[in-house]
Structure formats: structure tokens, C-alpha cells
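Each of the next two complexes has subunit A plus one other chain: subunit B in the first, subunit C in the second.
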Partner chain A sequence: MLEIKNLMVFYENALALNNVTFTCQEGQITGVFGPNGAGKSTLMYTISGIILDMKKTEVMRGGERITILGEIQFKGEDTTHIKPNERTRKGIVLCPERRRIFPESSTLENLKIGGYLATRQEAKKTLEYVFSLFPALKDLKNREGGFLSGGEQQMLAIGRALMAQPKLLLLDEPLMGLSPAIQSRLVQAIKEINERTGITILITEQYAQPILPIVDHGYVMEKGTIVLAGTAKELTDNPHVKAAYLGA
Partner chain B sequence: MNIFIFGLVNSVILALIASGFALVYGVSRLANFAHGALYILVGFATWLFLNRLGINYIGSILLSIIIVSAIGAAIYRLLLIRVKGMPASEIIASLAIGIAIMELFRWRGFISEAYMLPPFVKGSVNIAGVFIDWQRLIIIGVGLGMMLFLWLFTHHTKVGLSLRAIAQDKHASIMSGIEPDRTAVISLAMGSALAGIAAVVILPLGNITVETGYMVLTNAIAVCIIGGLGSWAGVFAGAFLLGFTEILTAALIGPQWQMVVVLLFIILTLILKPSGLLGRQKELEERV
Partner chain C sequence: MDKRKERLDRGIKVRTEGIYAISSWRGIAYVLLPTLSFILVMLTLPLIVPSTTWQRIMTIACIFALLALSFDFLAHFVGIVCLGGAFFTGVGGYISGLLNSAFGLPMAITIPIATIAGGAICTLFLIPCLPIRGIYFAIVSLMYPILFHRVIQALNIFGGTDGLPGLATFPNIWVELYSIIPITLLLTFGLRRLVNEDFGIVLRAIKDNDQAVRASNINIAWYKTKAVYIASAIGCFAGACLAHLYGWVGLSLFALDFSIFPIAATVVGGGGTLVGPIIGAFILAPLSEMLRAFGPLRVVFYSLILAGLVIYKTEGLLPFLQRKYHQFERWTEV
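== the complex of A and B ==
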């Protein structure tokens, strides 16, 4: 479904992604694990196309020069140069790092904005699904986003992404800064989304432990390069992964 | 009673003038310094359609407002889009267009007392002992109607919600499929139309002069600074605070002190709470 070929991203002369090649199989959950600064977020920005908007802003400001090389294929189509909002229309939806919900809009408005491209019927159906997935949001639907707790904001961010009718859902560090109890609830929800709707999911995390059980296929990234790849079981058994990412 | 009614009229006038400016800034983070120029442009255009082309009053008004929205959209599409993200350049570019439009009118000789729009309804009414003309009452009606419309629009329509979304987080909005340049064009067209609506209801109170353009821009900025840029409630709070202060100063101390007190308010706001009365605190936006 998603094929990344020889992707390289430079911020000025710093190499953020170095010859990254990997694939996401349709209907599967793929995990990318790596420490801070490994290039996980750059990878997400590049797949979702947000990096093109960042590049445009930098060019106008006369700031950092961002260079993107390589190819991103989504469903057999080269999407490397397609605008980010067009990619959303094609079904690539990013749920960004640190949630980035709209703080001054209510929970319900956040979800409605997420459904900007959806038809009225799709929006209504998805809204019901989001509320069944995260019942807490239903009770908070008139509360402003900025007043939700971290866990509620993350649920809202995932809900908002679902409203955009994704075919490929990109989750950038969805568990960051949350308590273990909320983490495990979110992991369950992510698994449920994948099973119920068949949406392909690409997920990044620093710490692999909570996510690995639901991942079909995983990659380990360090300093912009993929250093390890394998099924969830292969990664779990790998001594390097055990030491660095599973805390064993 | 006098003070209350004229304070109210003055406040609504300020809110009407500032709402277009605030809408554009709130959505696109663009300070449109051509706002005052667009305001008088509508005044002169309506006058021309009415007196030179013989179109009826309502037709002239609608035509001018449509034209000014198109001009607002064109200003973004052709010019501001190239300097976006650089606040100083945005201000210089939009102010330059504004001055060009206003001075064009001065150059073409639009400087006589002949340039005035007729009131919608002539005459006045007596409310609790105060004589007030119908035009001022219409201003209150249009102003309150406009606020209601804007609230409904930004809270209950897809386009309105997307305008608010992009004002809060551009990248997150793009990920929901919203196209930022399109929203900016819509916001400038709407902001210009709001300037136009303000112009056609307020201008019948006096002459259309080039100086009005500069004054409208100053007032719009003053209201937004005091109320807090990017906050709707702030615009209304700022407009009412300034509106009543102006009238009270004129009545109690003398009209010549009006501007001094207004400037004092701006300075006080900038010293005590630079984000304005109801400007949002950044800390609320992110909870990690």
C-alpha cells in the first residue's frame, strides 16, 4: 500500500533521513521505533506531505533549505510531490506528534473539522464510531480542546484523524507522555480500529514495549537510517532491540 | 441616557469597523493595512454607481460590496501570498496598496462635500427623551445582526469551522484536508465585504473623505490591540470600551481629549497586558 524508496531528507546540510526504504502492507499495523532525533517525525512529515508546506515557508522566509530525494508510492501512485491536503483527500492522514488539536474549538468542532472532506453521511457514521471507540469524548463534546487532559487530547486527535476517512493512518508518537493505563487503552483502541475498519496503520514510538504486541511488522531507526527490520516476534527476540527499546 | 445611546452607537460602529480587520487577522495572521482604503473605496464606488451610472441605491451597495470582496481576494492572490510569513513585508505591502487606493481618490479629485451617501431612512425618533436618527438605529441593527451572523457562520458551517481551524493550527488543518491559501482568500474576501458593509451603513452619517480611510484603519487597530488580536469576544469588548470611553470623554472633559484618552488606553493595554483584554494565553494550547 505504501512504498518508500530511497528517501532522503536534508535540513540544510544535516541529513535527517538517510536512504530509507520500507513498505506498509495493506490492512497491517507497521511500527517504526527509534530514539529522539532518529528521524521518525521527519518521516511522518514527509509521508504526509507537511514537509512540503514547511519547505515553502522556509523558502519564503529565506530560512533553512529542505531537500527531499527519493520516492513515496501510495497505492502504486507516486505521491512524492503532491500537496499535503491532496494527500489527505487520497487517504493519507497524519495524527501528528504532540496531538496538535484545536485548543479553542470544542471537542465536537475538532471532530467536525477533521471531517472537512467527508460527506455528511460519512461524517455522521464516523462520528458515531469515534464516540463508541472513545466514550469519554462524548461526555466532553462541548469542552474546549485546550481544557482536555493529555489522554483525552490524544483520543480526540485520533478521532479527528479518523473523521478524515483515512486509508493509511499515520500515528506519530501517540503514547508520548501518557500514563501506562491510558497507554494500554489507546493501544487497544488502535488495534480495534485496525481490526474493525481495516485501515492500514503506520505508527512511530520511542519505546516499543507497549506497541510491539499489536504490530505486524516493525522497523528500528537510528540517526535517520533503518537499522533493523522484521516481524514483531523477530524484533522482540532481537538482543539489540531488547536492550535499547524494551528495557530488558 | 444621551451618553448611553450615543455610546452604544459609537461602540457598534467601532465593532463593525474592526470586525473585518479582526476576521482577516484571526484566520490568516495577516494584518490587512488596506482595510481603511477598502472602506472608503466602497463609499466612493457606491456614490459613483448611484450618481453617475444611475443604478438604484440597493443595487449600488450590492455591486460595490461584491467588487470590494473581489479586490480583497485579488490582493491576497496576487500580492500578499508572495510575502506571507514575513509580518513586516505583509504590513508594508498591504499599507502600500491602501495608500495607493486612497491617494488615487484624492488625486482624481474626490475631495468635496458633494461626496455623501443618503441615509437609508430619513428622520429621527424620540427614545426616552433623546432624539436619534433612524440611520444610527439601523447601524445598531446591522452591527448586532453582523455579530450574530459571524458567530453562526464560524461555529456552524464547514467553511466557518475551517477558518477557525486554520487560525489555530495550520499544519493540523492541512492534515484535515483544508487548503490554507483558499481559506486565506475567503477570509480576505469576507473581511473586505465586512469593511464594505460597515462603510455603507456608517458613511451616510457624514461625508466620504480620504481621511476617513486612515481613521478607520487606526480605529480598527486600536480596537484589536485593546481587545486582543484574534479573539472575537475581545473585539466586542474593545469596541465597547473604546466606544463608551470616547463618548464619556467628549461629554465630561471635552471632545478635544477624545484621542488622548484612546491613546492612553492603548498604551495602558500594551503595558499591563500586551495580548489585549481577552487575548489568549499560549500556555492553554498545549498539554503534554
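== the complex of A and C ==
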């Protein structure tokens, strides 16, 4: 479904992604693990196209120059130079790091903004699905986004991404700063989304332990390079992964 | 093979970052060249320009440069968007003018008094708005000159609508130029030093995140007050000089130009550099004079040039030139 070939991203002279090649199979959950500064977020920005906006802003500001080389294929179509909004229309939806919900809009409004591209019917159906997935959100329908707790905000962010009718859902560090209980609830929800709707999910995380059980395929990144690839089982058994990402 | 453009620092810069700069004359030259050439150009410009009219334009540009400097200091180092340029010039000009016409004090005394007292008065007026951020401060500081303008007009005090004519003026254009330009340079580099000292570090931290600064047990309001005092004193100095340049103080000292022009100069020159606004003022002030030939279309061309500069050099001229000076680019294979 998603094929990335020899992707390289430079922030000025710093190499953020070094020759990254990988694929996401349709209907599967793919995990990308790595420490801070491994290039996970850059990877997400590049797949969702937000990096093109960042590039433009930096050019205006005269800041660091961003160079993107390589190819991103989504459903056999080259999407490397397509604008981020077009990509969302095609079904690549990003749920960004640190949630980035709209703090002054209510929960319901946040979800509605996410469903901007969907038809009225689809939006209504997805809204019900999101509320059934995260019942907590339904009670907080009219609460301003900024006043939600971290876990609720993350649920809202995932819900908002679902409202855009994704075919490929990019989750950038969805478990950041959450308690283990809420983490496991979110992981269950992510698995359920994948099983119920068949949405392909690409998920990045620093700590692999909570995510690894639901992942079909995993990659380990370090300093912009993919150092390990394999199925969840292979990764779990790998001593290197055990030491670095599973805390064993 | 894919290619990309690589940006590299000039090798010498690496050495000049630290104390090693003084180990070679090339290092010293590299560090000092931009600053020295800027100072040299500023000091020799009055000798080069063709006529007295242009020399007068230069002094006016200096006045605007000072206002732009105070705007840039507040906007990019303290995080306060202050549209009070007209407020500062008005207060400074009127204090200086009153002292001169009522008590007959010479210029050498009135200008320093106007700077110090005017700064204090402006700060007192702005203190109530210090806790509010963003656009609100700008609006309040924009209202004050209008308020003063109307009060003077309505109560007919300080000469009312006619203003105070017949003030002492500078003896000749050279004294005028060579007192204002060095002071402008001194203030520019003084401020640049200040923002890199501990005091300036706190100010910049307040701009970035005032809650974190408060958490470090630093009294933000006091620091902001001091910063506003510095900026308004500079503005009042500019106003006092302006009063003595014209030999007249009037309501036009509260004109909106003094609030808006500094922003344009800062944007053109490059905000956050302190030298940039000076360069911006010295580009825009002569430019607006040169465009006089176009008559009524002057403003059109002026706006077009400004808009073009902002769109194509959003960062401003100085940051662009700085980068060109410190870095070179080349194509490399990936």
C-alpha cells in the first residue's frame, strides 16, 4: 500500500533520514521504533507531506533548507511532491506528535474539523464510531479541547484523524506522556480500529513494549537509518531490540 | 545521481567563534569587517551625499532609525509589540521644547532631560499595559499619541494647535549630523551588547516563555519596565532631537508616521538584529524622498517596493547578507 524507496531528508547539512526503504502492507499495523532524534517524526512529516509546508516556511524565513530525495508511492502512485492537503484527500492522514488538537474548540468541533473532507453521511457514521470507540469523549462533547486531560486529548486526536476517512493512518508517538493504563486502552483501540475498519496503520513509538503485541511488521530506526526489520515475533526475539526498546 | 545544495560555514568562522580570533589578522579582519564597514559608511555618508537637502534627509533617517531601534528592541528581545513611536517622539519633543521656550535652557541640557524624564513619563503610562501581551499592548500604545494630541488641542496648552516655534536649533548641518549619527551608532551597539548580557538573556527568555522565567523566581514586570524605559528613552531622545532640528514643536510630533515607519524599517532591515532597522531606515527614508518625483503616485511605488521586499526577502536584508557573508553554497552529490 505504501512503498518508500531510498528516502533521504536533509535539514540543511544534517541528515535526518538516510536511505530509508520500507513498505506498509494493506490492512496491517506497521511499527517504527527508535530513540529521540532517530528521524521518526521526520518520516511521518515526509509521508504526510507536511515537510513540504515546513520547507516553504523555512525558505520564506531564510532558515535551514530542507532537501527531500527519493520516492514515496501510495497505492502505486508517486506522491512524493503532492501537497499535504491532496494527500489527505487520497487517504493519508496524520495524527501528529503532541496531539495538536485545537485548544479553543470543543471536542465535537475538533472532530467536525477532522471530518471536513468527508460527506455528511460518512462524517455522521464515523462520529458515532469514534464515540463508541472512546466513550469518554461523548461525555466531554462540549468541553474545550485545551481543558481535556492528556489521555482524552490523545483519544480526540486519533478520533479527529479517523474523521478524515483515512486509508492509511499515521500515528506519531500516540502514547507519549500517558499512564500505562491509558496506554493499554489506547493500544486496544488502535487494534480495534485496524480490525474493524481495515485501515492500514503506521505507528511510531520510542518504547516498543506496549505497541509490539499489536504490530504485524516492525522497523527499528537509529540516526535516520533503518537498522532492523522484521515481524513482531522476530523483533521481540532479537536481543538488540530486547536490550534497547523492551527494557529487558 | 541526486544532487543537493550544501551550505558550509567559511572555515575561518570556526576559528573566530572563540578566543582564537585574535590569533591571526585574518580572523580579526573577518570578525570586524562587517561592523567596521557599517560604522565607516555611516560616518562618511554625510560627506558623500550631494547637497544639504540630502544631508537633512540623513538626519531625519537617523531619527527614524532610532525609533526603529527602539521598536526592534521591544519587539524581538522583549516580545512587546509597541506602536508607541509617535508617543515617544511627542513626549520627548514637547518636554525639550517647553524647557527651551519657557526657561530658555540650551539644547545640551534640554535633550538629556527630555530623554530621561520623557522615558520615565512614557514608561509610567505604559506600566498598566505590561501584563497584557500581543496586540493589546500595541493598541494601547497606539492610542496614547492620539490622546495627547487631542488633549493639547482641546485645552490649548503648550501652544495648542500652533505649537511652540522659535526653539534653539543646531548651529549648522555638520554639528547636527555628527552629533546624531555617532549617538545612533553608540545606542545600536550599546543595545546589542546589552541584549547579550545577563539582563538581555532574561529579556529574551521572557519573550520566549514568561511562565518559565517566573518559575525561575525572576520579577518579570520589573524587567519589562526597565526594557520599556530603555526603549522609550531612545524614542524620546529621537523626539527631542527632532524638535531642535525643526526649531519647532507641534502636534505633528504625535503623527502616526512615527509609529508605522519604524515597523517598516525593521521589517525591511531584518528584525532581531538591531543593526537591521538602522539599515532599513537608511533605505526607506531616502527612498521615499527619491520617489517624490512621481508626485501623487509616490505612495504607490513606495508600497510596491515595500511589498516586494517583504514578499521576496521576508527575513529582511541583514539576516540575508549575514548568511551570505558567513556561508557559501555548493552542489554535492548525495
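Operating definition for what follows: the second predicted complex is superposed on the first by the 248 of 248 C-alpha atoms of A that agree within 3 Å, B and C clash if a C-alpha of one lies under 4 Å from a C-alpha of the other, contacts with A are read in each partner's own complex, and residues count from 1 in each chain.
FYI, a residue touches a chain if its C-beta (ideal position, glycine included) is under 8 Å from a C-beta of that chain, and two chains touch if they have at least 3 such contacts.
As the structure is a computational prediction, the values presented were derived from the model and not from experiment.
*Asks:* Looking at the overlay on subunit A, is there a clash between subunit B and subunit C, or do the two fit?
*Replies:* They clash.
*Asks:* Regarding the shared-chain residue A:Y116, is it in contact with subunit B (first), subunit C (second), both, or neither?
*Replies:* Only subunit B; A:Y116 stays clear of subunit C.
*Asks:* For the overlaid complexes, name the partner, subunit B or subunit C, with more touching residues on subunit A.
*Replies:* Result: the larger residue contact count on subunit A belongs to B.
*Asks:* With the two structures laid over each other on chain A, which partner does A:E3 touch: subunit B (first), subunit C (second), both, or neither?
*Replies:* So A:E3 meets neither subunit B nor subunit C here.
*Asks:* Identify the partner contact of A:N13: answer first if only subunit B is touched, second if only subunit C is, both if each is, neither if none is.
*Replies:* After superposing on A, A:N13 lies in contact with subunit C but is clear of subunit B.
*Asks:* Does the superposition put A:L148 against subunit B (first), subunit C (second), both, or neither?
*Replies:* Touch status of A:L148: first partner only.
*Asks:* Just checking: does A:T67 make contact with subunit B only, subunit C only, both, or neither of them? Give me first, second, both or neither.
*Replies:* second
*Asks:* Does subunit B (first) or subunit C (second) touch A:E222, or do both, or does neither?
*Replies:* Neither partner.
*Asks:* After superposing on chain A, check 57-65, 93-101 or 129-137 and name the one in subunit C that bumps into subunit B.
*Replies:* After superposing on chain A, the stretch of subunit C hitting subunit B is 129-137.
*Asks:* Both subunit B and subunit C contact which residues of subunit A?
*Replies:* In subunit A, residues 60-61 are touched by subunit B and also by subunit C.
*Asks:* Show which residues of subunit C lie in contact with subunit A when the two form their complex.
*Replies:* These residues of subunit C touch subunit A: 2, 4-8, 313-315, 319-320, 323, 334.
*Asks:* Okay, in this complex, where on subunit A does subunit B touch?
*Replies:* Within the complex, subunit A touches subunit B at residues 48, 50, 53, 57, 60-61, 83-85, 88-89, 93-96, 98, 100-105, 109, 112-117, 146-150, 153, 160-161, 163-164, 176-177.
*Asks:* Quick check: in the complex, which residue numbers of subunit B touch subunit A?
*Replies:* Contact set of subunit B toward subunit A: 82-86, 155, 158, 161-162, 164-165, 168-180, 280, 284-288.
*Asks:* Residues of subunit A touching subunit C in their complex?
*Replies:* 8, 10, 12-13, 60-62, 65, 67, 69
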